[in-house]
Amino acid sequence: MSEPLLTLDGVHTHIGHYHILQGVDFSVPRGGLTMLIGRNGAGKTTTMRTIMGLWRASRGAITLDGRDITGLATPDIAQANVAYVPEDMGIFSDLTVRENMILAARDGEPKDDRLRWIFRLFPALEKFWSLEAGALSGGQKQMLAIARAMIEPRKLLLVDEPTKGLAPAIVGALIEAFGELKKTDTTILLVEQNFHFARALGDDVVVMDDGRIVHRGLMADLAADEELQQNLLGLSLEMHQ
Amino acid sequence: ADPIKIAHVYGKTGPYEAYAKQSHVGLMLGLEYATNGTMEIGGRKIEVIEKDTQLKPDQGRALLAEAYGDDNVDLAIGPVSSGVALAMLPIAQEYEKVLIVEPAVADSITGENFNRYIFRTGRNSSQDAISNAVAIGAKGTYVATLAQDYAFGRDGVAAFKEALAGTGAELVFEEYAPADTKDFTASAQRLFDALKDKPGRKIIWVIWAGGGNPMSKVNDLEPSRYGIELSTGGNILPALVAYKAFPGMEGATYYYYEIPKNPVNDWLVKVHQERYQGPPDFFTAGGMAAGIAAVRAIEKAGSTDTEKLISAMEGMSFETPKGTMMFRKEDHQALQSMYHFKVRVDPKVDWAVLDLVRELKIEDMNIPIRTK
Amino acid sequence: MQGDAALATEGLTIRFGGHVAVNNVTCSFRPGTLTAIVGPNGAGKTTYFNLISGQLRASAGRVLLNGRDVTREGAAARTQAGIGRAFQLTNLFPELSVRENIRLAVQARHRRGLNLLSMAESHGDLIAEADGYLEAVSMAHRADATVALLPHGDQRKLEVGLLLALEPEVMMFDEPTAGMSVDEVPVILDLIARIRAEGKRTVLLVEHKMDVVRSLADRIVVLHNGYLVADGDPAEVIASPIVQEAYLGVGASQHV
Amino acid sequence: MVRWLLSGDYPRGLALNLGIAAIVLALLFAPFLFPGTRALNTAATICIFIVLVASYDLLLGYTGIVSFAHTMFYGIGAYGVAILLQRYGASWGAVFAGLGFGLAVSVLLAFVIGLFSLRVKAIFFAMVTLAVASAFAILASQLSGLTGGEDGLTYRVPRMLTPAFRLMDEQLLGVTMNGRIIAYYLVFVVSAVAFLVMMRIVNSPFGRVLASIRENAFRAEALGVRTVVYRSLASCLAAGFATLAGALMALWLRYTGPDVTLSFTIMVDILLMVVIGGMGTMYGAIVGAAAFILAQNYLKDLMGHMAEATAGIPVLPDLLHPDRWLLWLGLLFILSVYFFPTGIVGRLRKSRQA
Amino acid sequence: MSPVPERSAGTGLSHPLVERLRAAAPILTVPVLMLLALPATGDPSAWVTLTLAGLAMGMMIFVMASGLTLVFGLMDVLNFGHGAFVSIGAFVGASVMLWLSGLLDPGGVTLHLAAILPAMIAAMVVTGALGVGFEKIIIRPVYGQHLKQILITMGGLIVAEQLIYVFWGPDEIPLPRPDALRGALVFGDVAVEKYRLFAVVLGLAIFLAMHLLLARTKIGLLIRAGVENGEMVEALGYRIKRLFVGVFVVGSALAGLGGVMWGLYQEVITAQMGMEIMVLVFIVVIIGGLGSVEGCFLGALLVGLMANYTGFLVPKLALGSNIFLMVLILMWRPQGLIPVAKR
């Protein structure tokens, strides 16, 4: 197959005195959806932020589409058509929903058809179009964060825990949305705690622990292997749906 | 022999930096002039120690105490700001040493806060106000005043009013505006309303220290349409530039380098021109007067002993760029001439030229004694 | 029915401009029971909590605690009266240590805050109590860490710890396990289960994970567009068409 | 004992321990170590500013309230003592009455302003206090009958505190034991006690609540803390200590005027001292006040020497001219924010950890 | 055309008229104040003179305050150093004016009219350029930290003032206005100063330009978003740093322009002039609501009018009139007339 879209090669990240990422290697195949999972504090968020240039890798290389982006500034990485949904959603709460979306659409106003598609997935956004984003409910904010990332076709989407706080119906809608995105040539790297969501969408899976990668493989294989799950994630995932 | 030590304690840095510079230059010239260039009195060398109050009263006190107590100066001169001066007065008393105040102007320095160690060569606010009243007051003249609404402005107007009463002019209105006023339209409107229907000569007399520039603001509203004139006291040369907008304006000033005709001033103008490529200004003259006073006092006392100095200085007359000055016995204020001027615009000169109308001699002005 | 209710709301309503986020909700909660509140995003669950605990003032209606009207009281007063809550979006004292966060809650409950002239460290009883709660949310090993540096999951646990430390009569949890990793979730759920088993407190729980709701709740209340649309036995409510459609979403339930 | 005095809050870190000890010892023996009126004046000013800066830090660093009205309270203390001494003569009764009166006025004002803070957001509040403080300064200048206006008040203090009073006839370690020494030790002791009391307050349960309010007032409310009560009390306490500092200054200086008590410059100086020292650490007040006041008093002298040393090099002597000392003070502002983002205390504590 | 609904159905307003009145209330404050003053002053020609002068004064204050409100509100930076740019602008402008006037009209008593525009441009260029350095060196380390901003910008202010002393000396510099901008147009008993007319034209032009820039482009949005979460703005692909520098440069250049205007109004400039005007400027910005150009404009007009009315009616109160106005407005609207953000 063709070379992967994104490759991390021995990436180390320090935050202050702390050595958080201690040699992270994995790659994200083109066009697929890769799940990054691991327990609290494993370093998933730090990995995403390092890719995005929000933390600086102290060692190692990150390659996007054949181009070394290790030292690049965040806006440059974003302009390489990468979108990011941070763990804390990064909503501009003083701005209205509409204004949040306008900023996300880098070239001018959001496109009609794209917007219609988003409104179908997340009807609440249409309803509260002119409301200050800070007044949205927790789940609505999450929707807005995801919608911002999807407002334009992106090469790579980095999404940190999109389902937290979303009602089941919306989680369903999200699965549908990412499913549709997978059909386009958007590549997605997704951090997720909800294993069922992960299993439903993931092509590949990467498991982290303690700042390192402890497993790489196909999602289907991991989903089928309960013992491996037990080893990697500490308990059987079936217990909690 | 031991040197004679003189401390110059003044606000070298801060908003009055320009005044301070002039004052120090003047002081040094005064010492030089009075000692005929030797910088020695009776074989003792004069040593000047500079101290910067930063325009802070607490610093002024500490520095003056240091000068008297640790540096053992024989007398001190300064400061620029009245607030600092007032804070320093008790220190002179505590250390029982002479302080020649120059150029702080508050009346209370030689008034209610006076003590016997204080002398002042600079003019006080009353001298300013009274000279102006004497200069512009005449029968058939109607005057309104514009002043800052705090002690300085109110006291100035009070002294002005008192002196004006003796001249036959009538004070019709007193306008006080906040010290930080930016827009003088309202004040001007009120002043115009008070004066416009009066017969005879109509004058708005302005007493204003610091920023705001009320003269040009009021003038912009065209007082001439009601036949109203403006008047104010003198000022330093950079400020006189703005007087160019008031040709023919009259008032009274403390000093303008072309006015006094005497050997001291001739020497000052000549030397200053040579060394600093420009004429001396307001506070240069003041500083020089203080320097001359110090030398003459030590000469007359024959020593630097404080008590001898005080008795020598009380009633002492001495020659300055402003002619003869005399330390009045009661309040140690130096009585001195002031100058009634008229503004002339000379395109070749950067600032407005002040032509002498009349010298107001010591005996022309009745300066009240306000000690307690 | 209201006579024995620990907490009750009567016609509780709040409007934001033209939007009614909570609309005329009348509901009461008996002591010792756990009620799950579910509903789609934006249904008004958090807003309902805010109205009960005093972060928002109602446009209309009343909040009753043991029959006493507390609608006019502020958040602090209601907390002191026994209404405690944990927040959906983590809301802690970020620059303080984990232990200090809990200790503050304990101190507030003991009303020792106006003690100006003793050393805080000399109140050993408060510290000991705080350590107990840290144990309960399995955060004792991170007691001295600065909260801002904790990973998200640990912050969620601390959020719950703070609520425990207040020992309130009414406990409100707003999605306590959101963003917590699968192996940590049981810590919190077991805790809530234990509180319920003790039967001393009135617990309100907002949670999107239906299995959690099913296993923990004595009763389910469904909010939708600000209205209370269903109320009753968990199995029945979950099976009701409105929940199946509006909340779980047709065809989506297999993912849950 | 030490633990009890310091409320269990040690400087921490060798450099800091030594530094604090050195400053405190220097202040304790100042009359004997540094002869001369100016040095003694500097030492007393440092003592008083330690109280003033610490009281401001109580508000700013510990409670998170940004106020520009702190010099107003300082001024009230100074004017309270000054006016009573001026009117009723040099007696201790006047001093205490002045202090008591000042405290009452300050606490009342602090309370009223504190209530206003509930209505507006932090930054608005800061600007309101700025305006209130400038209005107060103007008021003081207008009420010249009472306050002496721009010129301020000079007055006598109880005879015990004047140079004329001799404690003993012979000198001690070459220092004349006159009333100024008594005045100095009065200032020192009162400042030390006030400082230790503030140390206790910030380390008390109350102090901890203040910290939590600063961090997240919204959450503190949800823990059952009535933030209004705590905020108001903290404002009143800070105002009270500032008033005390003002009263000390009035006694020490024997002059009170707007420039030494109410001016915005002093407010900025206090801010800078808090930040240089380290916000939210009481020790920061000691370090910040000592460093800043020494700079203010001796930077000029130092620059004079440097200007001489660099004579001949272009421009440099101009910039190093003693009259340009404010330039360097300004740079100090900037550099201290750069290099001591957590203040000197924070810096020294951090380097200990590393 | 665009499917982007301007207002969602869900937030429809219940009482359009009441709502509209409420929305217009801040704007109505200015005419209401003017109308209240009419009977109070009694004399219509005095009222007209005072009102026109007050409005013009407001425009001048607006020019000085507009840069601050941009920077203060949009970037959440409390720039006490703004006053330094006012002073520097005035000094640069003065140097250019004096030099050009010397060329154009040797020996002339006043400045030359034609020298004013180049002086304004020069002042804006210099202060704008200094703004770049100021932002990079002084402001950048302290984004989001108000207290440190106050300190470090205070430091910047002191340094700038001192540098003015180094370069221009300690003396105040007189700036006699050209005759064309001196004096007043007199209609009956009403006098309107010519310079103030000039200020009105300039002030209005700047207001409109800023209003359009912020309302019609993404820039305003970006800056507000960047203040709240700069990382996220960068993650959306915008260079926030460059943007902030840009805003800061505009703010500083406006201060410089304000300095020239103010210097010409005062006809004399000093190193402290910027500092002296700062409290007033802060009051205007606060009254307006942080960061709102429109609010700042209204605030400036109110302050200008208020000073004249109280100065005419009860001069004793003129002193506190600004503070009184500010407290009154904050009591009514705790976030100023036109609040921009919920910070």
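Residue numbering begins at 1 within each chain, and the chains themselves are lettered A, B, C, D and E in the order written.
Please note the rule applied: a residue touches a chain if its C-beta (ideal position, glycine included) is under 8 Å from a C-beta of that chain, and two chains touch if they have at least 3 such contacts.
Remember, it's a predicted structure, so these values are computed and weren't measured experimentally.
Shared contact partners of chain C and chain E are A, D. Of all chains, the one whose CA centroid is most distant from that of chain C is B.
The distance from the centre of chain A to the centre of chain D, each centre being the mean of the chain's C-alpha atoms, comes to 52 Å. Averaged Cα coordinates give chain A a centre that lies 29 Å from the centre of chain C.
Distance between chain C and chain D, defined via averaged C-alpha coordinates, is recorded as 45 Å. Note on chain placement: the centre of chain D and the centre of chain E lie 34 Å apart, centres being C-alpha means. Multi-chain contact residues, meaning those touching two or more other chains, occur in chain E at positions 10-11, 165, 319, 343. The residues of chain C that reach two or more other chains are 19, listed in rising order.
Touching two or more other chains at once are residues 128, 131 of chain A.
Within the complex formed with chain A, the chain C residues making contact are 16, 19, 38-47, 88-89, 149-154, 175, 178-186, 208-212, 246-249, 251-253, 255-256.
Residues 78, 137-138, 141-142, 146-148, 150-152, 154-159, 161-163, 165-166, 279, 282-283, 286, 290, 319-320, 322-323, 326-327, 330-331, 334-336, 343 of chain E touch chain D in their complex. Put simply, chain D touches chain B in their complex at residues 36-38, 41-42, 45, 138, 141-142, 144, 148-152, 154, 162-163, 253-255, 257-260, 300, 322-326.
Residue ranges on chain B touching chain E, taken from their complex, read 15, 17-18, 21, 149, 175-178, 180-183, 185-187, 189-190, 193, 211-213, 216, 219-222, 225, 238-239, 241-242, 244-245, 345, 347-348.
Those residues of chain A that touch chain E in the shared complex are 52, 54, 73-75, 78-79, 83-84, 86, 90, 92-95, 98-100, 102-104, 106, 109-110, 112, 115-116, 126-132, 134, 148.
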